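This is the structure I want to talk about, given as structure tokens.
When the chains are written out, they are named A, B, C and D in that same order, and each has its own residue count from 1.
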Amino acid sequence: MFDSIHEECGLFGIYDRAGERDVALDTYLALYALQHRGQESCGIAICDEGVISHHKDLGLVSEVFTKDVLANLGQGQMAMGHVRYATTGTRSRANAQPMVINHIKGTMAVAHNGNLTNAAELREQLELTGCIFHTTSDTEVIAHIITRERLHSPSIEAAVERAMEKITGAYSLIVMSPQKIMAARDPNGFRPLCLGKLGDSWLFSSETCALDTLGASYVREVEPGEIVVIDQNGPRSIRTHCGKCPSSFCVFEFVYFARPDSVVEGASVHAARQRAGAYLAQEHPVEADVVIGVPDSGLDAALGYAKQSGIPYGVGFIKNRYIGRTFIQSTQKQRENSVRIKLNAVSETVRGKRVVMIDDSIVRGTTCARIVRLLRDAGAKEVHVRVSAPPFLYPCYFGTDIDDKNSLIANNHSVEEIAQIIGADSLGYLSLEGVRNLAPQSKCGFCSACFDGDYPVPPPRVPKKNKFEQKLKRKEETTHGE
Amino acid sequence: MFDSIHEECGLFGIYDRAGERDVALDTYLALYALQHRGQESCGIAICDEGVISHHKDLGLVSEVFTKDVLANLGQGQMAMGHVRYATTGTRSRANAQPMVINHIKGTMAVAHNGNLTNAAELREQLELTGCIFHTTSDTEVIAHIITRERLHSPSIEAAVERAMEKITGAYSLIVMSPQKIMAARDPNGFRPLCLGKLGDSWLFSSETCALDTLGASYVREVEPGEIVVIDQNGPRSIRTHCGKCPSSFCVFEFVYFARPDSVVEGASVHAARQRAGAYLAQEHPVEADVVIGVPDSGLDAALGYAKQSGIPYGVGFIKNRYIGRTFIQSTQKQRENSVRIKLNAVSETVRGKRVVMIDDSIVRGTTCARIVRLLRDAGAKEVHVRVSAPPFLYPCYFGTDIDDKNSLIANNHSVEEIAQIIGADSLGYLSLEGVRNLAPQSKCGFCSACFDGDYPVPPPRVPKKNKFEQKLKRKEETTHGE
Amino acid sequence: MFDSIHEECGLFGIYDRAGERDVALDTYLALYALQHRGQESCGIAICDEGVISHHKDLGLVSEVFTKDVLANLGQGQMAMGHVRYATTGTRSRANAQPMVINHIKGTMAVAHNGNLTNAAELREQLELTGCIFHTTSDTEVIAHIITRERLHSPSIEAAVERAMEKITGAYSLIVMSPQKIMAARDPNGFRPLCLGKLGDSWLFSSETCALDTLGASYVREVEPGEIVVIDQNGPRSIRTHCGKCPSSFCVFEFVYFARPDSVVEGASVHAARQRAGAYLAQEHPVEADVVIGVPDSGLDAALGYAKQSGIPYGVGFIKNRYIGRTFIQSTQKQRENSVRIKLNAVSETVRGKRVVMIDDSIVRGTTCARIVRLLRDAGAKEVHVRVSAPPFLYPCYFGTDIDDKNSLIANNHSVEEIAQIIGADSLGYLSLEGVRNLAPQSKCGFCSACFDGDYPVPPPRVPKKNKFEQKLKRKEETTHGE
Amino acid sequence: MFDSIHEECGLFGIYDRAGERDVALDTYLALYALQHRGQESCGIAICDEGVISHHKDLGLVSEVFTKDVLANLGQGQMAMGHVRYATTGTRSRANAQPMVINHIKGTMAVAHNGNLTNAAELREQLELTGCIFHTTSDTEVIAHIITRERLHSPSIEAAVERAMEKITGAYSLIVMSPQKIMAARDPNGFRPLCLGKLGDSWLFSSETCALDTLGASYVREVEPGEIVVIDQNGPRSIRTHCGKCPSSFCVFEFVYFARPDSVVEGASVHAARQRAGAYLAQEHPVEADVVIGVPDSGLDAALGYAKQSGIPYGVGFIKNRYIGRTFIQSTQKQRENSVRIKLNAVSETVRGKRVVMIDDSIVRGTTCARIVRLLRDAGAKEVHVRVSAPPFLYPCYFGTDIDDKNSLIANNHSVEEIAQIIGADSLGYLSLEGVRNLAPQSKCGFCSACFDGDYPVPPPRVPKKNKFEQKLKRKEETTHGE
């Protein structure tokens, strides 16, 4: 919640064959439902009779898209949107997506969720031929590659198909040209992307919760390696890159990123989290009086732990619902206080009790320590922390910000040491086996590289962040929140 | 959540004897914790060596008090703050509180939670002597009355004491003069107000959750009819108006208004809500597969129902956490869609199941109907609605906006009819007896006038809203949200 | 321009009998034309079928009244507006005008240009009867007095008539009740106010330039002591207070405050300023090559000096037209640079020349010194400064901010010393006799108290600014411009 | 003033060898002085130890660069800035400059004043090799060309030198690399650019008025075709492209664009305008009583006409100084009224008089007609319009927005017809010969293509604006000003 792992992005696209919907409003509502996947910037591109307009900026969907801004985007037959948290590239307006560019065959809008592993190499190759880059994002690399391929491809989808031979890593992608909108997933299928239907309109979305918001129905996943192209003839599939490798869906989508009401890779996120709690109860049982979860993502697992263990479920914390950006969080000194600002223990639930507290992860440990202290201050007799995922030990190169080995507490400390640091009476992590079985009914495989270092795709050889970016990052950290 | 009853205000005050705290920041954080009590406007007044400065505006605490604004308030030895939802007086910047006024003896800041029942009479009497009013709020009436009494009273607290002989109805009050800060509650004790301590500082707060946020300890309730005055000698009590009548605390504070982590009138709000659920299970049992709550205030009662009934508790809905004011809600047509925007059913939990759904109230019924439909769309086989309070039948004159008999569905329809309207397989309300026993350990009495018409204080004889105000209201409704 | 004397306010009112105009837009445009009379805050009140709505805030007219805000004020039959620079009362949103208040007979909007000399006494008397004050402005005192008189007066205009017996000093006033709009000037007629006509509508305005903007025609001045009441029967006049004393119009309106395209008291401001220059040429001749004016108000006088003396007129300075509030001016250190930011010498005009430079006033001398230096840097051989008014020697109590004897350079220095301080080769002020003859065709008398100490109305006995206000003022100075 | 010709841009750059200045603040102040050259967007790029940061947005300098934004840019050794009015490319944030891009050799910031005549061809060539474009501006074409040349050039300045062989048309350019800042002008020298010095710092500026604001001294013009490179060794010159063709400076810089206090191409703008007036008096004499100018750029010419003719100079108009963007101007209907909002006639000056009115240009004639009517309404007996430039007959391809033959009134009407349309008693334009002799002391030649169709560089063969852009433009026109 405070000290957590971040996903890069959320994607949405819509093709309204019959011209019967307000595609800008639909995209707005969908992004609002996907807001949890990225709170830093957002954007919408709309295509009206072949002309693509767009608007994007830093801020939440409800901040960036005022009534006037949305109205100004006008009407169209296609639209796509993006929410972003920056894992690659600095926080800047230029890096917001969709990226809309002009090339020799016309205009193209591109939005991307994930991280390329060969972005730096591709970028260097492109620069060697004289390309210039306006941003530090992978999306611009992808746009360049597609454009290059477009020069000698018969169609935009053929260009995307060829581009997929060049780019490696994690990418769920939406590309809109003047006549078509298409979605693609990398052959490993790291990041989610599904197809939906609403009347005569077709939709792409990172999660089904956006489909639900619009009243649309879920059709199927875009498969790993697949390109789904939608034009006036409806959707069709390009499967050249399908089946090239086993799928490796990011298991942390189930544990933390996705909304519990979403279904991803055919499995309910809520059920997966309950299952995580149930496994935890089996793997790390403890005698206790109440099981509580750290809001919001620990709640489902707590319920699963309670059901499995027979220990009553309780409401242990109340989270302040007014989570607008208060400037209070910006100064490091005050950050120590910020857990209390956002979270309060319900002493009725924990006073005098032996408490099992479920959280989804422990990154640096400082936040967890403060939360445990909240419980002790509220009168908890014992606090047993259970984490609904294994310890982070390895950086992620596929679209999350688990990227610095040294800041991960589990790298330098045993479980016992961590328990002591966070002030818990006991600590238990979900096993690797457990996390791999969170969605047994799903047919996909999982990437668990952050837990076991088993990378489905080789990590980047060239470190991405350069001096330029580092300095910008430092500057921003000084200023933001003010 | 969408169609609900609103509380008027939240109050906070601090006296920092030792000059060791940042009282403006403390008040900011406290208001942030009390934000659920009023989201329309907020304000902070600070007193530095006898000089009172203040800032207030329409908006959330995090919007109104930017870093610069807060810094500009400077340091002081006392501060007080207010969050407001308008039940009386129109939505306008002028009605924001605290109200800071000058009178013959100096400056005074006043903030108020509640509704006077004789405001219109007092206002007319004052106007007949030539008084002018800048706002439509009861607070200005109170400020006038205190000022009048101050002319022939030896101290500000004596003036407040005498003013309490004149004003009737519901009021929790904080008054700050250049040297003192004081809190008062009406003799019935309709609205909460408690005393806290933090190091050498003394605090007043509507709810204990604000004390928790600051790390302060709860001392006791300000008693019905009591005035607690804090100056350099610490707190002292004026109890002239205590014990004049039985207390009648607003029971809806337990059911809906207060935060579940707060303790009000000596009782845990969370426990009271769980108890409401348990009583409901006894009063309206049903065979079902899962019990779910409508977020946020139905969750505790759902847990209580589940425990009492033995039916498993489940997570039935996910609420969008990004509740910033989207303009989408502003147009009536789109409002029909707004339940889907904010709430989504977890089909994993309800598909094929017989569901008990707990909500805290049904006002007009339209929102409840939409929520029930969400469950049906997600596959629920049966939906049994249980409401953790009795039906609203009578207007409230004590600080909530239950004020129009005709818009209350229970006034015109039987329980069976309502069940049909909202599309529920069955419907059960908590009994009056049940709601009166939500906090058995609390020594206070309860006001349940909105359920039974038994008004502890006679309702106003003069209707308050005039043509002027009505027109403004209409105008605002046209514009807001844009 | 940078270091100048400030006027308090500008006023406008309109009564649209036929309901054929957009009175909110008219008032907006009029205030835009009167913006030079006050840039700190502004407000508009509109009356629609007896219901008065209003909006006011800190900022320029174009900043405060966006399209939405203006639209939200709606339509009406009457409207009034105000622009304000604060001479009395601190810079705060609460002090913005019009002030709209409720009293026993209904609603009233009041706006005021000027300064009462007995405001402090009246305020104390009112407070002794229990009155409370929300602001520090004279306007609130006036509103109280009118309201008191209204209690035993048959009409609002009768109450205004009686109030004029109580209040002393400088006031041009517009009062709007649900059915009427009226204007009044103090018996001395310190501040301007005129009556205009546009189709069937009647208008009040501080200056005729607002009438011109609307395409309205000038009818006549509101006379000193007169009340002009406009209702459905058209205008009528109450003249009880007329002729009680000789008129004493503020001569500085001609020298500096009013726009040169305005006609005030029947005389062209432009002509008066040219005349000031001509008198200066007679009183302080000098051998020179070019005459230039300091923009904007020195330009007309420079033209007059040039014509009278036969020395060619030249464009000596270019002023940056983008005079938005840059934060640069806010820090004292940078202020030294701020003349260069706003003003640049045209070296073509002054290089190698003997220059006569006309300014309208010298307050502290620092700005004048910097402007003279600009000319020297641009190559001027000699700089002869001529000031189109006599030296300020006495504080003004009638609506300008000439209020601190010590900061007025002429109080402590001879003309020769000032010439040396500002770096001029010679310096000449317009004579008292000259300034009294700026508008020979006007039938009004003049107040020249700031030059000669001859106060037409006795100065206030009680100093107005209290500790409260001083502290606020200090705070604001620290923050503004940021 | 309302209906006028627009310049594209203003440029500024600074190299602070000694690290003794606040280069961000200097650039801010310089852009503030150059604001008249572009009010649509602005930007600043700063280079600190090789790392380039930047900020740019739509809006005035004082709006875009708040204190916080400027502080956030930090300190550096070099900075450059740009103000822009869009002649090419649509009004959008993406088109704001400087453009900062990454390429194989590092980072580069580019800003540009002018218009390329072969931008469309170059763009197509680049796109055929796979280049993508994020904007519709010429600047991105220039950035691409320089980057391409950089691949096989030993230095950035060599790349700029080679790029100048490829690009044709009008360009004054500033390019900043991590170690150097350089300025270049096209061989024709269409647009101004000069070199200044301030202590140990070197500066580039479009006009000298920005140097004056900073207290810097003017060194010399950057010559047509010249590249001036500044690094730690001070400035050095690359003159490969110098002297290739006769210079053709835009004569309209003297007539209208430049600030009168600036010296461009070695000649005073103020003097040139006075001279225009004097020539007009010789070419189009008339018997009259007063000569007035339309503010601001007609004033100097009016003074020249008056001096030459012996007819007295007068102040005929007062312009509202509060020229913030009022929304009033946005609706076409209200635009008819907008002359009155911004301009008022001084009837004192014109009543009963025969008036000579000098304006700098007549584009469509509608505004001029309204201004003439203002004079008639104010009582002018005769109005003789004199225009300080010849009639526009040909589109400009070199950086102004004179681009539509049909909207130019002089294309379809004789001088007599125009006189009738604008309601003038007589009308006279400055002759071509006159305009070519405005700056006799300057050694540059002039472009007068808009008057005589004699293009120094062949016009573009490919029309630039495409469907994409047109649609965006239409959308913007619908929304802006709201």
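A few points about this structure:
Throughout what follows, a contact is a pair of C-beta atoms (placed from the backbone, for glycine too) under 8 Å apart; a residue touches a chain by one contact, two chains touch by 3 or more.
Model, not experiment: these values are computed from the prediction.
Note on connectivity: the fewest chain-to-chain touch steps from chain A to chain C number 2.
Chains that count as touching both chain C and chain D, per the definition above, do not exist in this structure. The centroid of the Cα atoms in chain B and the matching centroid in chain C are 47 Å apart.
Between chain B and chain D the centroid-to-centroid distance comes to 59 Å (mean Cα coordinates, whole Å). Rounded to a whole number, the gap between the C-alpha centres of chain A and chain B is 36 angstrom. Residues of chain A found to touch two or more other chains are 482. Of all possible chain pairs, the ones that touch are A-B, A-D, B-C, C-D. Within the complex formed with chain A, the chain D residues making contact are 48, 50-53, 68, 72, 74, 93, 99-104, 107, 124, 127-134, 136, 143-144, 147-148, 151, 467-468, 471-472, 475, 478-479, 482.
The residues of chain C lying in touch with chain D in their complex are 25, 28-29, 32-33, 35-36, 39, 60-63, 66-67, 70, 209, 212-215, 259-261, 263, 268, 270-271, 296, 299-300, 303, 307, 312-315, 317-318, 320-328, 330, 340-341, 344-349, 482.
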